[in-house]
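Order of writing sets the labels: A, B, C and D. Residues in every chain begin at 1.
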Amino acid sequence: MTKLIRRWIPSLLFATLPGLTVLAGYLSPDPVLGYLRDRLVEGAVIVAAFAFLLGAFNILRVHGGKIGHREQGWPYSLVLLIAMMVAWIPPLLQSLVQRPQVQETLDDVTHALFNYVIGPAGASLAALVVFTLTLSAFRLMRVRRSAGAVLFLLIVALVLLGSAPFIGLEWLANVRDWIINVPGMAGMRGLLLGVALGTVITALRVLFTSHRPHSEF
Amino acid sequence: MDVGAILLLILSALILAVLLILRGRKGPRPKIRPLPAFRDLWEEAGYAAESGGAVHIALGGGGLNGEDAITSLAALQVVEALADTVVSYHAPPVVTVGDPTLAPLAEDALRRAYERNGIPELYDPSSVRFVAPTPVAYAAGAAHVAATEHITANMIGGAFGAEVSLIADAGAQQDQTQLAAAADLRALGALYPATDRLAVGEELYTAGAQMTDERRYAVSLVAQDILRVILVLAILGTAGLAILGGW
Amino acid sequence: MIHCPKCGTPNPRGSRFCKECGEPLPLRTALRCPMCSTMNPVGNVYCDMCQARLIPMAAPRSEEPEREQPPLEEPSPAIPPSEEEGEGQEAADWLGQLRASAMEESEVPDTLEEPVEPVEIPDWLREMGPVGADTGTQPPEEPPFVEPRFEEETQRAPSPAAEEAPGRLQEPAPADLPDWLREIAPPEAETPSKIAPPEAEAPPSETAPPTAEAPPEEAAPAAPAPAPAEVPDWLHEIAPPEAETPLEAAPPTAEAPPEEAAPAAPAPAEVPDWLREIAPPEAEAPSKIAPPEEETPLEAAPPTVEAPPEEAAPAAPVPAPAEVPDWLREIAPPEAEAPPSEAAPPTAEAPPEEAAPAAPVPAPAEVPDWLREIAPPEAETPLEAAPPIPALEGMAPALPTEPGIEIGKPEELAPAAIPDWLEALRPRPEAVTEVAEEEPVETEGLLAGLRGVLPAVPAFQVPSVREEARPPEAREASIARAQLLQSLLARPAEAPQVKAGKQGISMGERIQRWLVAAVLLTATVAVLIAPTIPVSVPTLTQPVISSGVTRAHETIQDIGIENSVLVAFEYGPSEADELNLVAEPILRHLLDQGAQISVVSTRPQGLAVAEGLLSTIGPSDQRYPRRYKPGDATGVSNLLADAGNPSLIFVVTARPGPLRWWVEQARSLPDEPPPVVGGVSAALESAASPYLDANAGQITGAIHGLSGAAAYEALRSSPGQAHRRLNTLALGHAAIVGLMILGAAFYTLGGLHGRAK
Amino acid sequence: MVESAGLVVGAVLTLLIFSYLVGDNPLYRLALHLFIGALVGYSLGIVLRDILLGIVLAQLLANPLAVVFPMVLGILLLFKGFPRQAYVGNFSVAYLVGVGTAVALSGALLGTLVPQIGATGRALSPASLQSSRTGILDGLLVIVGTTCTLLGFAFTAQRERGVGGIWARVIKLAARVGRIFTIFAFGVAFAGALTASLSIFIGRIQYLIDVFTDVYLRVLGG
C-alpha cells in the first residue's frame, strides 16, 4: 500500500492533474480554464523562483567547496562568490528603499552593473561564438570526410555570401533566398515536425506517469 | 478552439495508451535503430573510470517550466540511465545545467543511484552544478568545466542555441570525445561540424530507449512511428486538397 | 576530507588515491554508528551524537571476571540496535555454557573405555543431536530435509524461532529421510535403537559440519562404503572420503572416540542401485565375497583408514569388459581389465598397522592418462611407504581375524607410488602433534578455558598452517611465475598516472587558432577603424531589400499618431549588439510617426536592454511605460490583457519561442488581432522561416539581422549604424568562407597525403 | 564621468574575454568568473525583487489563496538542497514537471504540428504559387523534402523480410533523400548563427574603438 501511495499519488496529484488542466487551458478558449491555466503557470513561475534560490545555494556549495579544499582554480571561485554577493544587493534594495535620493543611487548602481559589467562581458562571450564556429568549420574535413560535409560547406558559403553580397554578385542573394525558402525550409520543417512528435510522445508518457523523473520509485 | 490540435492530441494519446497496455509488459521487444551518440557513452564512462577522469554531461539551458521542459527531461534520461554504472565505477559524472529547475532532477537521479548501490554516504552533491542562468553564460561556464576539471568525454544533450559551439571548442582543445544530441536547429547547425556522433532533432527524445532496455521507451517509439505515418498522410492530403484548389 | 593513511595528507572526499603519495585511500569515508546510525568521520572512536562506541574494543587484559566484560561484538550496521543487544545477551550465555561443557569434557579421562558421563548439553546443541536421542517430540511441521548450509547458519546464530520449535532443527527422522538418501543409507540405519546416543557425540564444532548427505558419523552410520572388494580401484579413490576413511573426515583429535566414528560398512547385498547397474552381475555373488549374514555388526566395524581388510574380498572380480559402460571404460584405466592378480590393490595386503594414510594408489604403470597429466612426471618414481602416523597408532584396534583371510606381510607388498601432489597434502605428523601440544588452554578473556583459540593478533600475521606443510616441488614455470610475482610486489607502488587530458594543445592547432583569430580581427578592425583614421573604404556591398522588409515598412507607415504600439524586448545583453541595430531603425520610424511606445518583456533583462537603447534613440528624458511579466506564453497573455488593444506589436527576439507566443496570443485577442512585425536575429532567420511562412497571415513583415536593418534604413533613405557595419559584415563573411575553403583543402590534401603515405 | 569610467570597465572586460582568441588563459577565466558571479547575483536580485517580493509577498497580503499553494511547494523544494531530506521536494518537482510538460505539449501541438502541416500542404496552393518565390517545382520540392526528412527518422523499421522489410527499404530511401534536405537545414542554420555572432563581434569591436577614441581624445583634450 505504501508503494501505491509513494509512487502514484505524487505523480497523479501533482504532475498529471495540473498538467492536464494547463493543457485544457491552452486548447480551449473557455475563460475558466484560461484563468486556471494562468494561475497554475504563475504558480510554476513562483516555484521556479524558489528553485533559483536552490540554484544559488548550489553555486555557493560548489565554489565554496573549491575554496575550502583549495582545489585547482579556487581563486576564480573566490572572485565569483564576491561578485555574486555584491551584485544581488542593488536590484533587491531598489524595491525596498523608498527614499528617492537613495533610490536614484541604487538605480544608477544597478544600471552601471548591467551596462558596464554584465552587458559587455555577455556580448563578448557571444562574439566569441563566431570564432569557435569558424574554427569548427575550418576543421570540418577532419571530423567528417563525406559528400555531406562538402555539400554543407557549399551551402554555408552561398548563404553567407548571399546575405551581404558584394557589388556585382547580387545574384547570390536570390540563390540564398531559394536555398532558405525551399530545400532549407523542407529540411527545417521535417526536423521541426519530428521534434514536435518526440515532444508529444514524451509529454504524454510523463502525463501517463509512465516516466516519473520526480518520483523515488 | 484548434480542432486539428485536439484531434492530433487525442489520436496520439490513444495510440500510445493502447501500445503501452498491449506491449508494455509482454510480446517481442521492438528493435530500434541504434544511435552512436548514446551507445558510445557506455564506453566513455568505462574509460573515464579507468583513467580516473569523469564524463561531463551538459544538459543545456532549458528549464522545467518553459517550452524546453520536454527537451530537458529527454536529455535527463541520459543521466538516469548512466547513473548506476558510473556509481558502481566510483567515477561520478560532472553534470552542468543552465536552469535552476533542472538541477534537483539531476541530483535526484545520481542520489538514488548511490542509494540503490547501498553507499548513500559517498554521494557528492557537487556532482551536479547550476552554472549560470543565461544560455551564453551557461555555455561559457560549462566550457570552463570541460577544460579544467579532469574530463575525458563530453555528452552535450538538451536545449542549446548556437553558443553550444563554445563547449564543443573547449572539448576539441582538450582532445575529448564529443557526443551530442540537440533538438534546436541553431544548436544542430553549430554541432554538425564539431562532432560526427550527433543525435539530430527527435533522436534526442530516444535517449531512454537507446540507453536502457526498458520496454516502455521502445514501445513509445513504435507509437511515434505510427504517428509519423499519419502526419505524412496528413501533409500529402493537404497538398492534394491544395492542388485541387480547395484550400 | 579523507586523511591519507600513509602520509596524512588531507584529500577531498570521494578521491580514490592520495594526491601526495598516491596511496589508495580507504573508500569508507564515514562510520555509521550502530546505535543511532549517525555518520561519523573515519577517525572517531565514539559516536559524536550518542557517544556509543564505534570501534569494537580489543579484549582488555583486566582481572575482572570475564562475565562482566561486554560481549565481544562487531557493530554490524545492518542489524538495528535492538536486535544486537538481544543477540549480545544470548551470545554471552551460550559462550558461557559452551565453556562449561568444554571444561567438563577436558576432565574426561583419556582412556576411551570409560563411559562418558552425560554432560549438560545446551538446548541449541541438543537440537543438533541425532533424532534417535530424544524423538519424543512430534515430527517438525516443516519439510524434514533442511539444506546443510541453512542448518549450519541456524546453529551459529540460533534465532528465537529455533528455540520455540525445538524439533525443527533436529536430524531428519528416519522415516522422513529423502528417497535418494535412503537408497544410500543401509537398511539398519533406519532403526534408531542402533544409533549411538547423542551424549556420546563430540561437540559438532570440532567435527566436520554434519552435512545432510553424510549425516554425522555418530548419529547415523556413515554413507555406506561399497564393499571395497567389488569396487574397481579407480572408483575406490573417487568414492566420497567419509565413506571410505571416516577418520580422515573427523580430525584425529584425542576426543573423537574411534568406536563412534566406526564406519558402517554395508553388507555387500545392500550395494546401492546406482552402483549395481555399473557393477557387472557376477560381481554381486562372487564366490569369494563373505555372505551378508556373516557381516560383522555395525558397531564393531573397525575404524581403519581404509575399509577393514577382512571384509575386503581378496580380489574384486573385474567386470567382464563387454558390459562395462563406455563412460566408465574411458575413465577406467586400460590396465583395469588386466587380470586382478597384477592389479592387486595394495590395500588388500597392506597390514592395518601400516595402513598408508593416503588412499591406495595404482602401480605407476596403471596411472590413468587423466591422472598422469595432473600428477607431475617425477611422481611415477615409486615412493617408499609413507611413515605411519604415531598419533594414530594407539587407535588402530586389534582386528578380529576371520578364518580363511590371511594378512599379507609388508615385504611382499609392492611399494605404493604416492604422487607428490598427493604427498604434499598429507598432514605431517610433527605438525599435527606440535599443534596438539602447542595449543594452550585459553586463560583469560571470554574464551577462557577453551583450547585451540586463535591468538588475538592481526589476521595477516597469523602464519597459515599450510605454510608448515612441505612446499610441493613446483615446476620451473610456476617458479618463474612466482619470481615474477615477487618482483612485481617488490616494485614500489607508483601512483596511477592520471591522464590529465592532453597538456595544452599541439602547436599545429595553436597556429590554426591564431590564423582564424588574426583573419577575423583584421577583416573586422580594418573596415571599422577606417572612419576614425579617416581613410575612405570602398563600399563593398549594397543592402538587399527583401519583401519582408518592404511589408514591415508599409505596416509601420500606416501607424498614426497616438497609436499605441507594444514593443517586446525579448533578448538579453548577449544579443544586444545585433538586435539593438535591428530594433533601432523601426523604433526611430515609430517615434517619427508619433506612436505611443510601451516597453514590455517576459524576461527581466529585456527591460534593462530597452532602457539602454531608447535612451540613445529618443529624447533621453522621455519615459516609456515598462511592464515585465514572467511565464512565457502566459506572461504574454497577461501583458496583452494589461495593454488593452495595441494597434501594432513589434517583437524583437533571438529565439523562435517569443515570436510564436506573441503571434498566438495576439491571434486569440477578442477583437481584430493586431499586426505583428518581427525584428529577429540572423540566427533565427533559418529557424523562424517555417513560422514566418506558416503565419504569413499574422506576421506582416520581418527584418533579419544586420542586413535586414540596413535594408530598412535604405528604404527610409536614412543610413545609420547598420548601414555602416554592412561593409564589415560582408568582408567578415568573405573571410570566413575563405577560411572554410582553406581548412577543407588543408585537411582533404592532408588526408590524401596521409593515405598515400 | 561615471559614464566613461563604466565604458572603460566594459572595454577592459571585453579585452579580457577576447584574450581567449589567443588561447585559454587566466585573464579570460578571471573575467568569465566575474561575469558569471555578477550575472547570478543580478538575476537573484531580480528574482527576489520581482517575483518573491513583487508577486508572492504582494499577493500574500492581497489575495493569499492565489499564492499559498505555490509558496508551500516552493518551500518544500528547498529541501532538495539536503540529500537526506531530498524526497520532501518531490511534490514540487512533480508540479514543475507537470506544468512544464503541458506548456511544451501545447506549444508543440499549437505552435508547430498543426501550422507546419498546413503550411507544407499549402505549398502547392494557387495562392502561394502566385507569390514570386516558390513555383510548382519548388512547392513539390518542399513537400517531398519535408515528408522524406520526417519519414527518414523512423526508429523501429528494422525488419528484413515481408511487409516490414519493404517498409524498411522505403524508410531507408526516404532517409537517404531526407539526409540531403537535413544538411541544407544545417547549412542555413550554421550560416545564420555565423552572421548573428559576426554582427555581435563587429559590435564589440566597434565598442572598443569608440571607447579608445573617447578615452584617447579625453586624455589628449584633458
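We adopt the following convention: a contact is a pair of C-beta atoms (placed from the backbone, for glycine too) under 8 Å apart; a residue touches a chain by one contact, two chains touch by 3 or more.
Keep in mind that what you see is a predicted model, and the values were worked out from it rather than measured.
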Chain pair with more C-beta contacts, A-D versus A-C: A-D
Intercentroid distance (Cα basis), subunit C paired with subunit A, Å: 40
Distance from the mean Cα position of subunit D to that of subunit A, given in whole angstrom: 5
Length of the line joining the C-alpha centres of subunit A and subunit B, rounded to whole Å: 15
For subunit B paired with subunit C, centre-to-centre distance based on mean C-alpha positions, whole Å: 29
Residue numbers of subunit B (touch at least two other chains): 2, 5, 8-9, 63-67, 70-71, 73, 101, 104-105, 108, 125, 133-134, 136-137, 140, 162, 165, 173, 185-186, 188-190, 192-193, 200-202, 206, 221, 224, 228, 231
Set of subunit D residues in contact with two or more other chains: 21, 29, 32, 35-36, 39-40, 43, 46-47, 50-51, 77, 80-81, 90, 93, 96-97, 99-101, 103-110, 113, 116-120, 133, 143, 146-147, 150, 153, 182-183, 185-198, 200-201, 203-204, 207
Subunit A residues counted as touching two or more neighbouring chains: 23, 26-27, 29, 41-42, 44-45, 47-48, 51-52, 54-56, 58-59, 61, 73, 114-115, 118-120, 122-123, 125-131, 133-135, 137, 139-140, 152, 156, 160, 163, 177, 180-181, 184-185, 188-189, 191-195, 197, 199-200, 203-204, 206, 213-214, 216
Pairwise touch network: line, ring, star, complete, or other: complete
Residues of subunit B touching subunit C in the complex: 51-53, 65-67, 90, 92, 121-122, 124, 134-137, 150-152, 161-162, 173-176, 184-186, 189
Subunit D partner contacts - residues on subunit B that touch it in the complex: 2, 4-5, 8-9, 30-33, 63-71, 73, 101, 104-105, 107-108, 111, 120, 123, 125, 131-134, 137, 140-141, 144, 147, 162, 165, 170, 173, 185-186, 188-190, 192-193, 200-203, 206, 209, 218, 221-222, 224-225, 228-229, 231-232, 234-239, 241-243, 245, 247
In the complex with subunit D, residue positions of subunit C that touch it: 505, 510, 513-514, 517, 520-521, 524-525, 528-529, 532, 547, 574-578, 580-581, 604, 628, 630, 632-633, 654, 657, 660, 664, 681-687, 690-691, 693-695, 705-707, 725, 728-729, 732-733, 736
Complex contacts: residues of subunit D adjacent to subunit C: 21-23, 43, 46-47, 50-51, 103, 107, 110-111, 115-116, 118-119, 132-133, 185, 188-189, 191-207, 209, 213
Complex interface listing, subunit C residues touching subunit B: 13-14, 16-17, 27, 29-30, 32, 39, 496, 498-502, 505, 509, 572, 574, 605, 631-632, 654-655, 657, 683-684, 686-687
